[in-house]
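Multiple structures are listed underneath, in structure tokens.
Look at the two complexes coming up: chain A is in both, with chain B in one and chain C in the other.
Moving on to the complex of A and B:
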């Protein structure tokens, strides 16, 4: 083992120094941490490092291979961008939580065994919750609490699975699992991972929590938790058919809900589910191309989703609301923010020349290659919804559309810089994807810019644009029906929106309610019952026994009259009783 | 000397010194007048005792399962009663834990106790002496003496310096535990009649008849089950904990509860192995009930102290669960959990005491939203809270990991139920933490953060949380020999 420095350590120790600095010095230090960790990752040869003996188990803190490196690259880059975006944050606790969150997700990436993974997994959950709590609104605090409980639950699923694996195999090494040999242990681990990846139906925590997070926190949150989960799924569970199906379901599901959401950040949160769905599906398909696609898509997604959250966050930061129904016409006041957001939007929608185009299509192509046509078709359908909701709807209603009363300014410079850099990366990756492809775990023979692919993308996007044009009033946050010429399209679209608003969305919010009710209310109801039982049944018996003893003794005391005749009489009675017993 | 005992190699009687140093301190305190001097004397004596007790650990030989530092004096020779002391891998950490908690208790009552300071400190020191005695005694009569001696100062602590319902709580505590002790005495006498001696090591692993074992097990078991406390004998605990002054709660949680599980390990398993195996499914079931039920009751609490008291029920459930799986993992986990629960729950009670001194309320709602005003306090509280629900990297994680491994070994269902308990632990602790840290905005800003003294007595707890959490090796290895010996002897009886 040579001098390998764990980037997580840089984050942990570096951020502990932060509270001791003020003003500019602190900003410099805050930037040094991600810069240094980028340097570390750039100079990190593949291999196994940081092996430690612990309780007779061998723990591996540094397993560096192609799969962990590609995620590590995007994590450290994202961390730098997130730091720039949050440079104005004054509360050191907030910055500290962010850094611990990033550090622990890097720790999870490089973990070579389950116990190390679990350690960082938990630190991740517990540091990230502060990014929600620091918003300090009652809604955020409650959401954070639910978020944490859900993650503790997921962590325990994982932990139980780890224990069972340990019994089965006698070691804790974290390697690829085979679908054919998977038993209870493997599926418990899968459930733990899937919860963090927001796989249906374990997704409800994500749209519940992320929109409540702080402006700067959400940018980090959207990047790390789900993508760490994608990484561990790719490492352990590639080729699990259930992931292919659930992944595609996620792509559709997230979009359906996003189309009718009103809060910008909630739209984006649902979209994480949709986008992570592509990656999960890729892992489930499990071919080299598919897993490559999942990794590439994670890479691209982290950047453009962060860019979108930065844009939405900037709007929230400057106007105090992210509700589309209250926004509109912001292009006049925040043109740069709008530009950043639009770059993110076209990236996520898979416009040629932007990053989503070169990564998402790999997964779709892999589905095609494997003959999984219905998966492919559904993924394409979801792409339409993506462009419709994130690309067109949010852009239109937030930055254009009707003028709202809100007058705003551009956000602080550091936010703009972060958006600019992220946007540039999205564009560069889209134009010149080769460096990304070189990082991928398997050798790539994929060309995104084929005529077929391009024409397909343009068809999808123009059709979606057309639909939006026709639907724009229907999609408005305040719905007014306005008869139009294109009756046929309108009818079809109307039914779609109706189905969405009337059936699918309520179903999901019911699920969210169930999630809260079963998860929390039932829990507290049972707790109240237990308290009552404890006080009344158990303590009732205990105190009742004591009270009975007191009552009996009070009765017996009455015999002590102080009169000698009573005592003699009682003595005689007892004497004869004993005699009677002895004789009979 | 006897084959079970290695006599004390040091030049002075180490164990007796540890036991009687606090008593000497009491004698000195009797002649002091100023409250301040009394506190300083109590702190000094208990600190010295702690340092002396460290010698036990430093000179402890981890390569043998035999009792060490043996001391043996005839006491009542006619009945074969000896003043017999010794320490093995089970007790080697419980003694330093006791002596560590004592000075911290003195420190945490520095301001809280204003009346009858002299009597209070005397109680603390006497209790400390009796507790160390319990862990050292190898003669049943001596053991029983210390066992009972412990009750009186604890009773006084609750009855004199306790909260508003102190009469109810103290009497309940006393009668309940005395009720158990009576059975303990019966068991001791039964053993004497069978063996002709009160010697504990000599009573171990002998072939008593099964029915004899069952009766002795039940007699001991009731006493220990009440002390642990196991469901459904636990209701004295929340009452006593809630009403006791902080130092009393800390002592109660950190040491007194350990007496029960210590008893199971020291007496029930080696003396009545077949009966223990016979009873194991029931004890495991009761432990699981304690873990889950305790968790639910915690979740429904509005009183901080009561919540932590009930969490003890759940945590001690892990200890009894580990012991009665009869595996080495289980034993190690149980022992570590005893230690960790002592550290973490003791620290949590200290934290509650600190905030009670400021707000004079133990209600969660009254103390909600301290995060902004007392950040340092919140940091400590948060650390102990996450340690309490076994966050990886903290002490409880190691012990619960061990116990859970043994639980899964005993049966998948056992493991799963225990995991549910772990989830509940996170739920109630996070709920508490959330409320205390972020609960309300309308805060009283006249509250001050921790002072130096408070930081000083919380630091050792924090240190231990990380020490056991990150480097458990010294703890595990010191007790390994003894535990594996017990385990090996015990499994011989499993049919």
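Moving on to the complex of A and C:
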């Protein structure tokens, strides 16, 4: 098909039109962009499109297969829901950044070679940072710069890997890599991807930046960066054992922080690490069921995590804070927001009838099938932590718990609509997962609703509820922040500045003084010696030409007084002298 | 608003909620004992109410570990980074 239109173009060009419209017209256009891209993805046959020759390289902009399509589906659906949620946003730049971000992640999905992937990868980083900066608080500006610097570092790892691959193989095609053949180049690319997937210890940018983003921006941020990374990992690094181990570590790490964090959106951000951990682990396990599970979980996760961020964002938008220590009793004022959040919370916790149940269990089942019982047990432990932190702790302390002084209203209608639609999708996927399963990359028979699996979910969730009920006082939010590995570059930068001001700069200026006192004097002395040697020894031995020339030029220099009458007088004298010679 | 009234009703009857929860716990434990174990491959699949014990212990340990870490090293005042 020659008429293949890249969905990324719809976002790029469409968003450039946005600033020319106002009010309702702009809202309609903003909705048309994701709607049209859904239409494009729905009618996109598998195949390879958009191949371009560039500097002797073949770039592929449109590799459409089952793996890229399942992610594309959820990306365009999420873009629509995110647009509805952010319809009230007036700043064109904010909407434009969001659209460029979504468009570039679609570009990365369909990229068939490393160079195209890298191009969109970088547009993603540089457009998404504006979703943080548009919050316009000093904390957001700082977090945005850190976010950007970390992503530039990840991009450089990726680019170095790409160059090494090119010098090794002579082409840039992005295909599945084998763990046995992976060398430095492959692991650099893996590091670049892993940074965006928030794999430990390259994860700290995520809980640092997302809670500082705008209310509407965070809903988009939580969906695209990490899931694009999950997609490229699934495409290139399926079966890498390190991912299975690191993924499971992420699931536990994320929930531990989610249990102790105070800011609602930071709880959710840490919890992204935990959830992406399941996907990374699935990719690491690498069987068809596991990779299917990773893709299905990415699909389900994007929707319910966005729903949770919508709920937390609505609370922040209406009350001005997302800190659990300041919130409480919101059920009375924001019941619909609470309902939306709770649907997201039960979905993420894997309640039967909701989407988490049908997706997360695929990865756990794959670990079980492969006999990886430790991985399975740890993932189940993380599932407990999920319900405990995102499900029970946040719901209880924000919407119930002690009555706070905060009296709030429901958020604008568009936000409620977005939450309602997203919640409905979470429920529909949970009850009727077949359309999602049909989209998955491999044909694998999987049935989530077995008595065994139901019993497992009932037991884990019920006992978590019971322990929460007994220990709820212990879980009361504390007005604290928690250190993470960003400590090393945040505090490290401070120490570096202190080291620079206290040691390096004074040492440098002391060295300057020493140089002036000793070094320069020595240098002049040496230079004078060299000149003397040159003039008297070398020139004397040769023929004295240099000394003669210098004597003549010293004489001539005396004539150059800089006064015009002297020059005119001299010229006339020479003129008459020449005339006298000619005549006589 | 319907939801608010419904929640108010539930909050007025904590004893009933407690009883329902206890009944639910008993149901869950019984459900695991009677459900088919045709899919059991490993030892953990064969132990009755394994996931209940795992869930309760796991949740308890997770809270202890997380709070312990927070109080020991991780937790800092909000202005820590300045």
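Observations
Everything below uses one rule, namely that the second predicted complex is superposed on the first by the 476 of 584 C-alpha atoms of A that agree within 3 Å, B and C clash if a C-alpha of one lies under 4 Å from a C-alpha of the other, contacts with A are read in each partner's own complex, and residues count from 1 in each chain.
In this section, a contact is a pair of C-beta atoms (placed from the backbone, for glycine too) under 8 Å apart; a residue touches a chain by one contact, two chains touch by 3 or more.
The structure displayed is predicted, hence computed values, not measured ones.
In the superposition on chain A, contact is made by A:466 with chain C only, not with chain B.
Once the two complexes are laid over each other on the shared chain, residue contacts for A:126 go to chain B alone; chain C is not touched. Considering which of chain B and chain C touches more of chain A, the answer is C.
When the two complexes are overlaid on their common chain A, residue A:451 makes contact with chain C while staying clear of chain B.
With both structures placed on the common chain, the touch criterion links A:38 to neither chain B nor chain C.
Using the contact criterion defined above for the overlaid structures, shared-chain residue A:150 touches neither chain B nor chain C, since it reaches no partner.
According to the touch criterion, chain A has no shared surface contacted by chain B in one complex and chain C in the other.
Residue ranges on chain B touching chain A, taken from their complex, read 172, 175-176, 232, 234-236, 293, 296-301, 375, 386, 389, 391-393, 398, 404-405, 408-409, 412, 415-416, 419, 422-423, 426-428, 430-431, 434, 437-439, 472-473, 476. Looking at the complex, you find that chain A touches chain C at residues 255-257, 259-260, 331-332, 335-336, 338-339, 368, 371, 373, 377, 380-381, 384-385, 388, 450-452, 454-456, 458-469, 471, 474-475, 478-484, 490-491, 494.
By the touch criterion stated above, chain C contacts chain A in their complex at residues 1, 3-4, 7, 21, 24-25, 28-29, 31-32, 35-42, 44-45, 49, 51-52, 54-56, 58-60, 62-63, 65-67, 69-70, 73-78, 80-82. Interface residues of chain A facing chain B in the complex, by the touch rule stated above, are 55, 93, 115, 118-119, 122-123, 126, 133, 136, 141, 144-145, 148-149, 152-153, 156, 159-160, 163-164, 166-167, 523-524, 526-531, 534, 538-539, 542-543, 546.
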